[in-house]
Amino acid sequence: MGLDFSIVPKYLDILLLGVAWTVGITLAAALLSFVGGILFALVALYGPWLLRQPFRLVSWVFMGTPLLLQLFLIYFGLVQIGIDLPAFVAGSIGLGLHFAVYNSELIQAAILAVDRGQMEAARTLGLSRGQALRKVVVPQAVRAVIPPIGNNMIALLKDSALVSVIGVSELTLSAQRVIGKTYRPFEFYLAAAAFYYVINLCMEWVQRKIERRISVSR
Amino acid sequence: MDTELMLKVYPFFLQAAGLTIVLSVLTALLGLVCGALGAAARLSRFVILRFLGAAYVSVFRGTPALIQLFILYFGGPQIGIQLDAFQAGVIGLGVNAGAYMAETIRGAIIAVDRGQTEAARTLGLSRWQAMARVVLPQAARLMVRPLGVNLNMLIKATALVAAISVVELTYTAQRYIGSTYKPFEMFLLAGVLYMAIIYVTGRGVAWLDRRVRIH
Amino acid sequence: MAQNQPFVDIRHAQKSFGKVEVLKDISLTVERGQIVGIIGSSGSGKSTLLRAINDLDPLSGGEIWLDGVQVNKKLPHRQYEAHINALRQQVGMVFQHFNLFPHLSVRDNVTMAPMLLKNLSRAEANRLAEEQLDHVGMLERIEYYPSQLSGGQKQRVAIARALAMKPKLMLFDEATSALDPELVEEVNLVMKKLAEQHMTMIIVTHEMDFAASVCDRVLFMDKGVVVEEGPPQVIFKNPTQPRTREFLRKHIEGAS
């Protein structure tokens, strides 16, 4: 069976719908991973000991096991304890939590990397610990952390393909469905790859724009 | 927690972990070869090779590994490439990992001070001699740790071949979740084994890193 | 032809980085056994000129001849590589930041090039290394690694490494600029010893006292041109050009 790419445009609507879902789940999971990442980082750095230890264990497990395995756990685990979430929601939670752990590591490192002298200088001016954190430490840490978090978000886009296995109708699953009808895996997976690549390029472009803006104010 | 069930099925998980290790080793070896070639191409003095190297890195890092795997395994037969799932897994993941390793290797090479090449060239060494005798031995030390990170990602990425039914750890966990409805227990079994593999690899990388950093 | 031609002959050297012209039509000759010092502020082009002599920074225009052979001749890539590698074996170079190979012991730093390029046996290379390291007073550190040496010791090893190739010309690019003041003298002593053995040397330096004591001729460069050249007595005591006087005045103020 040779290749025939002329068939691809006929199913473009299905693929584009898949693109929309891919972008959607990437955004939803990214949002969750920001919020979760900040929360996890704050708990890990400033939380009480009793809270820190379980968090450390959870991060360790999330970073030591494959995302695909985690997705299976979350999807089937939730069902087992009686929570039947739509695949999209379960997928967003799985992806979001996974990347929240990675983001949390970056945020912790960035906060710790801000010079201790900065905190001391702020405190000698009479700022409280909270004020010093908010006004001095956090703004600097945010600038340091944006580029690597951008890399994580690009990784998230690519890993979003994995939620196809728990039934989220994003780009990969859409391609699979079309292939089920047409028996043309090469053409349609390649088309899906092309879409991913374009989204990826767009994200890299945005990342460069943001990085350029930050580097000015540093 | 159903410990009885876990005790019953764990031998299958151990066996699957063996396959995960084999997959990881083969993928890592292929990845290193592809990574070295990719880095060499990107550092070449020929524009064509530089372009090909950059395209390889960009395309394989810019699209999901799962899709790359599907193109190779399901789409391969259309262009005359017949591979079984295991072969497709090793080649697909290896070529993908190579794109990341190429950047690591290139990064380590360009991180070696320019003065080192200059000093070697000043003594009369050729480009290749300077690379082989002076730059690479130093770059090798710099790349142990970041290659360790690549290796860590690669081990976790071997889970993707579950999607093409290679009976490694994740596939085994998935199948037992489906047949027993005990997701936590199965996750625990597979998770512990993954973390053990990753922990041991991490220690190995740290040991190697200390060894090469003596001077 | 080597008889009637100067040993080092720089003809109309010109070099631009983009729109910035860092060397503007410089011509210069050095005779065998001569020691030439080049002084000038940073950005004057003195290092660029030195690095052009073994084609580390290729010229944009002009010619460089060494002992009757043109250094920067136009050749196809492969031939050029063979030509320049052979030529560089005859020109030793010492850098501001030493550039010792950190992964090799002092011994291997010195023996690598002779073994690789002159097919010396391990034993011959070892003898050579011991001889050269003895020469710079570093023999007892032969099994050390660069990270275990002081800056002055590193630079002496770097000189031994260059000398092991038996060069007919030595280039020094601010060899003592990166050193702590108390370590400068040990390196200067090694260079003086070389001068006494009539090694041909071109020395880029900002140490006026040292230049005055070892050089036969001193060039003052500014903004890509040689402003003034002559024997050190003249350049340092009686410079004719206002720019030279200005530079020396500032430099002596800055130093004291």
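Just so it is clear, A, B and C label the chains in written order, and each chain counts residues from 1 on its own.
By definition in this document, a contact is a pair of C-beta atoms (placed from the backbone, for glycine too) under 8 Å apart; a residue touches a chain by one contact, two chains touch by 3 or more.
Since this is a predicted model, take the numbers as computed values, not measurements.
Chain closest to the overall centre, judged by the mean of its C-alpha atoms against the mean of all protein C-alpha atoms: B. Summarising the inter-chain layout, the chain whose CA centre lies farthest from the centre of subunit A is C. Averaging C-alpha coordinates per chain places the centre of subunit A 21 Å away from that of subunit B.
Each chain gets one centre point, the mean of its Cα atoms, and the points for subunit B and subunit C are 46 Å apart.
In terms of their C-alpha centroids, the spacing between subunit A and subunit C amounts to 54 Å. The part of subunit B that touches subunit C in the complex is made up of residues 113, 115-116, 118-127, 129, 133-134, 137-138, 141, 215.
Put simply, subunit A touches subunit B in their complex at residues 1-3, 60-61, 64-70, 72-73, 76-77, 80, 158-162, 164-165, 172, 175, 179, 184-187, 189-190, 192-193, 196-197, 200-201.
Across the complex, subunit B meets subunit A through its residues 59, 62-68, 70-71, 74-79, 156-160, 162-163, 169-170, 173-174, 177, 181-184, 187, 190-191, 194-195, 198-199. Residue ranges of subunit C in contact with subunit B, taken from their complex: 54, 56, 81, 85-89, 91-93, 95, 97, 99-103, 112-113, 116-117, 145-147, 158, 161-162, 165.
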